[in-house]
Structure formats: structure tokens, C-alpha cells
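Structures for review follow.
The following pair of complexes shares a single chain, chain A, combined with chain B in the former and chain C in the latter.
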Partner chain A sequence: MADFSPLRDIPILIGAFFVLTAAVGMVRFPDLYSRLHASSKLVTLGSAGIFLGAALELTDAAAFTRLAAVLLFQFLTTPLTAYLIAQAAYLRGLPPLLGSGGQRGVDEWGALGQAEQVAQADPDAQRSLAAEGQ
Partner chain B sequence: MSGLTLNLLLAVVWMLLAGEVSTRELVIGFLLGFGILALFPRALGSGGYVRRTLAGLGFVGFFLRELTVANVQVALFALRPHPPLNPMLVAVPLRLRRDSAQTLLVALVNLSPGTVVMGFSADRRTMYAHAIGNASPRAARDSILRVEDRLLRVFSPGPAPQNPSPEASP
Partner chain C sequence: MIINLALGIVTLSVLLVTSRVLRGPSWGDRIMAFDFLSVNLVLLFALIAVKTHLIVVLDAALVLSLLGFLSTVALTRYLLLGRVMR
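The block that comes next holds the complex of A and B.
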């Protein structure tokens, strides 16, 4: 295992690099919403690289189809979870940092104060907001 | 999906004619069958199926490119000393109506450069997204509308995509 095989190791190294930058981004980005960019995009492609390398290493059809299925679900669940986390944080009233360098940022949602709008679209969120109000 | 059924049927017929039940013959039959469906769309009524399949393949290529750009961009932001994040919230008017299509759009937008979906308006006609690394809200909105355009091309049943370009929408 000490030998370097480019076909197997390069995808794994690229994947590991993106997962590492995801961790760096999680620490360095200023707020939850920016961090979600790092966790959703970088982790998806990073794990894709690692899975691809693993599939090329194992070279058997069953491992290949299984890893393909894992990848498919990874591509669906990771970004949708990021969306759910962003929406949950917003509904709970966490204000996003907007604009850089002190200027006021663009906010077309009219951030906070309009959380009820979203809650109306989503009965579950409405229930949880009502429960919090009690 | 009658086009897909026809294509599978052609693949099975090919496998029977080849006299060998195997995945390899089935795949060859499927590809040949797709060629036949593409050559005679009028006679076989497969125009929509061929167009949607090609749009789907084009979409996969487009998506892989977007995903790569998105990752390199965020990775650079994570590593640069002073990343120009310029975070903003943008509102995007949607043309996709079906729930399943909107769910897919959320997943794809979260994987494309600079945008993460945060929520929908009550009537689900407007999507709100958190954007980083964009100079203007217009640029952020256009990048989301480009993804939606591609999805519309795959989902629309008509002979040609009947949707305005990102520049035409407000």
C-alpha cells in the first residue's frame, strides 16, 4: 500500500483537499449562512473524490455500484440539509451578516421581520414557531 | 415515459436477437435503440423523449462544470486572507412549479457557485437565497436562473423550451 497509484490516489488527494478546505471555511467564515456554502459544496465534491478513488481501488462491480448509490444520495442529501439548516436558522431569528467592509448589504428578503411569511408556507415551521411563543 | 419503455423494449429485442442474455448486450441494444428513436422521431413519436434525454445529458455536463467552479471558488475563499465574501440575500422569481422540480432545484442551487437557498415565499413562486462572492444581486440571481433554465429544458414536455432567458426576467 506504500506505492503511489495515480488513478487511485489523485482523486482521493483532491477529495481530501476539498474536505480540508471545508473545515478551514467552517472556522474562518463569519456566520452560519456563509459556513453553509463551505459545508454543502466542498464536502459534496470532496467525498465524491474520495469515493471515486475508493471505487477505483476496489475494482469490483459490487463496490462500484454501491459507491455510486452512496454518491447519488450524497448529492441529494447534503445540499438539501444545508437548505433546511439555513431555513431553520432564519426562522429562529438568526440574522445573516450582509455586505463586506462595513457597508450595508443587499437584503431583498427584508431579513427578519418576515419570518412569518416563510412560516405560512411551511405548516411544520408554523407549528414550531407557535410552540416557541407559548 | 413511453419513449423510455420503447427504448427498453428495443434493448430486450436486440438481446433476444443476439441470443445472449447479458448486461453487455442489453446496453448495446439500449444505445442502438436510442439511435433508432433519434433517427425516426416522427414515426415512433419519440421526439420529446430524445430531446429530454439529450437535455438531461447536457445538464449533467453543465452541472459537473458548475460544481467544480463552485468548489474552487469556495476553497479559495476559505484559504485567502481577506475573502471578498460580500454576502447578500436575493429574491428569485421561479418558473418551476412542481414540488419535486423545486426540491431538485434547491439541491442543484446549493451545489452551484455562490448560492445557498434559504427559503420560499408563501406562494412558493419566489425563492430566497444567500449569495457570496457576487458583485451584484443581479449576478447572483442570474446564476440561479441559469440552473433553472437547464432544469426547465429537461422537464418541459413541449417541442422547444418555452421559457425566457435569464436576462428577460426581472
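The block that comes next holds the complex of A and C.
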């Protein structure tokens, strides 16, 4: 507590708090999809706080451009990876825990086990399957 | 010092999510936790750059964020399609 500079320390503490909240949510939530919700949103907010605090501490043009690049990249890719993981798990047949009737394992879209159909709808995968058949 | 406190908090979250990597029920959980670990490593590098005032660590953080995104995309593609590239 010797050198407390609020312009640097308050965003870093807020960001670290949200990262810890994301970790607790990822450990304690019951479902893959709810864990993805906690992970993607809270990690984005926490990394924004930590990078903002770092940019306010390192008052340098080189550090600022690197931090802005990393922050922009995190903002672009964190929802994208969450979407990719949810799509892959759902199309491989992992049912959501809370379905339409509030029962366990109810799949209200009926898309269980459609990974092969997705692979055939994808033209790259279709060409790959045709090449494997030959 | 507040930076040490933030480093401890982020390290605690890394340890918590490592338990999710080890006992994740599905492979989606493990990929998600792996992505979270890579993002947390980027945050640790940013905090170390603040602590030591070294700009070089931020280059490592940038490269690590790129690698984490690419590995996550490859893992989900392998999980969904059974292969990474054609």
C-alpha cells in the first residue's frame, strides 16, 4: 500500500476481480454453455480493465500501441472462440442442461448428432469426404 | 503493492480453471478452460510488464494471444469435423 496510484490500480483491481469471478463461474456453473457465458463475457471485461490500467501506467507510445493491439484482438476473438466451442459441442450432441420443459437433457432444437450433416453441408468438408471415399 | 495483489488474484483464477481442465466432463469444457488459461497468461504478461516496466513482455503477450486463438480454433475444428485441415 506504499505507492497507491488510483489511476493505475483501480482499473487493474477491477479487472483482476472480474477475472477471478469468471474463474469461479467456470468452476461452479453446472453446464458447458453457462460456463462459456461466464468465461467469455467476464474475461473480456477483466482484460479490458487490466489493459487499461497497464496503458495508464506505462505512458509510452510503444507500450500503448501493443496494449491496444492485444485488447482489440481479445475483443474480436473471445466471443468468436466462445461461439465456436458452443457450436462444436452442440453439434457433437451435448445437450443443454435446461431445455424447453425445464427437464434435464431436453433438446429443444433437435440438432443432436448433426456433425456429419454439417460436415456435408460445408463444401470444403464435402470435398474432403469425397477425397477420402476415393 | 497492488500489482502483486492482482498477480495473485489472476494466479488463483489460473489454479481454479486448471481444476476444470483436469475434471471437465466433456472436451468442450477442456477446450474452453484451455482458452481461458491462454487469455489469463496474456493478462499475467501484461501485469508483469506493468511491474517491471519492460515493453518486450508485451510483444510476448501479443504473440501468445495470437497462438491461443489459433489453437482454440484448431481444437474446435478438430472436435466438430474430426480433422483440422483438409
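Here is the rule we use: the second predicted complex is superposed on the first by the 98 of 134 C-alpha atoms of A that agree within 3 Å, B and C clash if a C-alpha of one lies under 4 Å from a C-alpha of the other, contacts with A are read in each partner's own complex, and residues count from 1 in each chain.
Basically, contacts are C-beta pairs under 8 Å (C-beta built on N, C-alpha and C of every residue); 3 or more make two chains touch, one makes a residue touch a chain.
For clarity, every value in this text was computed on a predicted model and none was experimentally measured.
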item: Partner chain(s) touched by A:A22 [first = chain B, second = chain C, both, neither]; value: both
item: Which of chain B and chain C A:L58 touches, first, second, both or neither; value: second
item: Contacts of A:P79 with chain B and chain C, given as first, second, both or neither; value: first
item: Residue contacts on chain A - larger count, chain B or chain C; value: C
item: First, second, both or neither for A:L45, with chain B first and chain C second; value: first
item: First (chain B), second (chain C), both or neither touched by A:L36; value: both
item: Partner chain in contact with A:L97 - chain B first, chain C second, else both or neither; value: first
item: Touched partner set for A:Q87, first chain B, second chain C, both or neither; value: both
item: Shared contact residues on chain A - chain B and chain C; value: 17, 22, 24, 36, 46, 78, 80, 82, 86-87, 91, 118
item: Chain A-facing residues of chain B, complex; value: 67-68, 70-71, 74-75, 77-79, 83-91, 103, 106-111, 114, 116-124, 128, 130, 132, 136-137
item: Chain A residues touching chain B - in the complex, by the definition given at the top; value: 17-18, 21-22, 24-25, 28-31, 33-34, 36-38, 40-42, 44-46, 75-76, 78-80, 82-83, 86-87, 90-91, 96-100, 105-109, 111, 117-118, 120-121
item: Contact footprint of chain C on chain A as seen in their complex; value: 1-4, 8-9, 12-13, 15-17, 19-20, 22-24, 26-27, 32, 35-36, 39, 43, 46-47, 50-51, 53-54, 57-58, 60, 62-63, 66-67, 69-70, 73-74, 77-78, 80-82, 84-89, 91-92, 94, 115, 118-119, 122, 124-125, 127-128, 131
item: Partner chain A, residues of chain C touching it in the complex; value: 1-3, 5-6, 9-10, 12-14, 16-17, 19-20, 25-29, 31-33, 35-36, 39-40, 42-43, 46-47, 49-50, 53, 55, 58-59, 61-62, 65-66, 69, 72-73, 76-77, 79-83, 86
